[in-house]
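One structure, pasted below without further comment.
In order of appearance the chains are A, B and C, and numbering begins at 1 in each one.
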Amino acid sequence: MLMGGPSHLSVLRPILVIREVRALLTLLLIVVFFAFFTGGKYLSVINLVSILNGVYAFGIVAGAMTLLLISGEIDLSVGSVYALSPVIAAILVKRVPGFTIWSAVPLAIGIAAFCGFTNGIITTKGRIPSFITTLGMMMILRGVAFVLSKGQIFGFLPPSVLYTIFGGTVFKWIPVGVIWFPAIIVCLWILLEKTAFGNRTFATGNNKEAARMAGINTDRVKIINFTITGALAGFAGITVLSYLGQAAPQQGMELAFDAIAAAVVGGTSLFGGAGGVIGTLLGAFIVGGVKNGIIIRGAPIFWPEAFVGVIIILAVVLNVWIERKMA
Amino acid sequence: MPKLNDQVVQPSAKEKLYLLSLRHVLGIREVRALLVFLLMTAFFAYLTGGKFVSVSSVTNMLRYVSAYGVMAGGVTLLLISGEIDISTGSVFPLTAIIAALLVKNIPGFSIWLAAPVAIAIAGLCGLVNGVVTVKGGIPSFITTIGTMLIYRALGYILSGGVWLSGMPPSRFYTIMGGKVLGLIPVGIFWFVGVILCLWVLLEKTAFGNRTFATGNNKEAARMTGINTDRVKITNFIITACLAGFAGILYFSHFGSILPIEGMGAPLDTIGAAVVGGTSLFGGAGGVIGTLVGVFIIAGARIGFVLARLGGYWANILVGSLIIVAVIVNLWLERRVR
Amino acid sequence: MAEELLIQMKDISKNFGFVKALEDIDFDVHPNEILGLVGENGAGKSTLIKILVGVYPPDKGEMFLEGEKVNFSSPGDARKKGIEPIYQDLALFEEMSIERNIFAGREPTKPVLGRLLRFIDKQKMRQESVSILEGLDIKLESTKKLVKFLSGGQRQTVAIGRALCFQAKVLVMDEPTASLGINEANRILELVKRLKEEEGISVILISHNLPHVFSVADRFIVLRLGKVVGNKTKEETNIGEITALITGSEIS
């Protein structure tokens, strides 16, 4: 049932319904805005590389978070997993004889996946809201990261090709993570749009009871999505370890918010059942672009995060409003 | 014909037996919380060789409780009405910063005036939280994650990122943040006072009844004519005002404020409420339980530091406590049905 | 009649705590029949249907499908055997397309990269959705349309289409006409009649709307307070008698 409205809106309606289009338009607006206010500095090569650098880590996590959000859950502990995973890898390499980075990384990512799995089990079998589970786990895992590392930052790891693969640079400046990020997004897209599992993720988030009645094991769907989120959060942490050469237990404090903001700006609904990873990819660039723009303008610490907060609220309100108008 | 309420019905022997039974007693949330507290005290007393129950450690606990406890009380009300607030930890320093700046920069502005003004501004923050959540139709934990980031940034901007201290002396600070008998922080009396007021508000007033109703079944509450939007927004304002009040208490006691203070507050306050038996889904809970819950969280934090294990173990424990408490509370609620 | 029964439920009882929801119910469905299951709220209709459909097991009693004893441990089980429920709220996925709705939980897949991965067979999904819906005489531009944009009657038809996709033997429809306008309700009732006559499917119709039920049903089973109080064919009875049986009032 289309509501009556000004005629120009109805012309735009079919295009604006597509969330990726909305996200793209927002991105263009942001770029134009900041380019104007920084006299073009924003579009310099150095700055663009800087943006890319900041985006790919939380972008990867945002992609996974998108799937989880679509299935109707959320994960606030990703920042802690992102810190914990490289810390574990670094400790294994430096302190435990017999571990090279090649054996430490899979184990670290495995543990990250297990953290996600635990989130899933507690949420589905304990039947508690995921934001509580992951809020608690966020505290727990961050505490574990600090306890294991005794609060220290790990650096000076023995050199290895692995770091180049996950953290090297292409064409001298561009971090290789910039290739990993879209590659992972594409894999997630295939999973979401082309497989039965993806269909069931949508169904579970849309109407859990109906999905169950249709024979879908909604617990399993959610647990798998949680595990993927954990694993990719750990993977993101490893890419940063590879690039920076150090693991810090306090990194990633705002990762969860950045990832959620990216997904939400990209059009994924916080209520589950609708969304897409392509939108999230654009959303990640929007969030990264805004944070960078604010920093360039010389704003003090915590401003960028404040804007992330504004973005989250605005994006959710807008999406809710648009959904209502389109119905 | 005997009328309905004429005869006083005596509880049957079976009922009396049940009331005394372990099952019933354990079903009371305050009792469970108290048990957890006693267990924890015993655990830490053992772990720290008795240092846990020393005077200095108890005073530390009371200090912690005074600040975070007041916030936890407000959060409890909000949870009962069915919403949550993650921005309390940002309103906490922001209010103190605003008060300090008013006193320092406006000649003639005393802390007696600045504090209420700052708390009123905190109330405004709560109003924003409430309006955006209720009118925007967004889940409160998203709104308040957003405002948490915004309010913290405001705190940084206003304070320039540095410590604010060196306030002109005033009796205000003694009343709000002094010590009784040279030892006991006055804040603990404020805390208990606030909890009692909240208890009265919740259990004895119409507003409290409507808070429970709104959290229990918003649609049904609406049908009976309760303005659920107003109930929720009011609770948001109360929560934020109490967070601001807590900030003033902290500032009065320590004499300084950093914009980064209070980051752990949302987790600790929600944790205290949940461990004290308040349901995350709204409609059930109580501030007395939260009172015990705050002591539990305070005890955990102090205890781990005293046991030389470092503060981060406390995070692990508190995080686990929250998860376990929610699961247990939920399981018990389901059993009743 | 020596006809083999499609569904036979014998001595079914179900208690919830102290409440006896169903007491020694005998409930049969013949092949190729539209059966109206009627009764007041709380009479036990939903409980009986939930047992039939596999949501939970009976405390006492047995179920037979085409002569074979069956024990359903989940709704998925019952569906596999051809018992398809259509709930009052339709249990559709609003943000998903019609075709994805129809095949949710039973998506047709094809192997990709040589059995490494399985993708949804979009072609098959589309073709089958289209043919089912055309058979139900519904006009839609595309099965890619999201369900939230459909009208009540169209949604009902999609829900029926979903049930039919999988060799259903029995459709269990809970208040199918409750939220429909007159025209759409009539269309759905016509559809139900066609399903019985042309596809040979039996339909259990649960409804408070007696005129609707009377216009299509062959037989009526009336439940009251957990017991069967009436089991009459259309020829044997009339709306007045059925109403009296439902409410338990005396017919003078």
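Just so we're on the same page, a contact is a pair of C-beta atoms (placed from the backbone, for glycine too) under 8 Å apart; a residue touches a chain by one contact, two chains touch by 3 or more.
Please read these numbers as outputs of a predicted model, since none were measured by experiment.
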Furthest chain, CA centroid comparison against chain C: B
Select, from A-C and A-B, the pair of chains that is joined by more C-beta pairs in contact. A-B
For which chain is the distance between its Cα centroid and the global protein Cα centroid smallest? A
Cα-centroid distance, chain B relative to chain C, in whole angstrom: 51
Roughly how many whole angstrom separate the Cα centroids of chain A and chain C? 43
If you average the Cα atoms of chain A and of chain B to get two centres, how far apart are those centres in Å? 31
If we count contacts the way the header does, which residues on chain A are in touch with chain B in the complex? 122, 126-129, 131-133, 135-140, 142-144, 146-147, 151, 257, 260, 270-271, 300-303, 305-306, 308-310, 312-313, 316-317, 320
Across the complex, what residues on chain B touch chain A? 132, 136-139, 141-143, 145-150, 152-154, 156-157, 161, 259, 267, 270, 274, 280-281, 310, 312-316, 318-323, 326-327, 330
Which chain C residues qualify as touching chain A in the complex? 74-76, 79, 85, 87, 91-96, 100, 103-107, 109, 117-120, 148
Chain C-facing residues of chain A, complex: 190, 194-196, 198-200, 202-203, 206-207, 209-216, 269, 273-274, 327
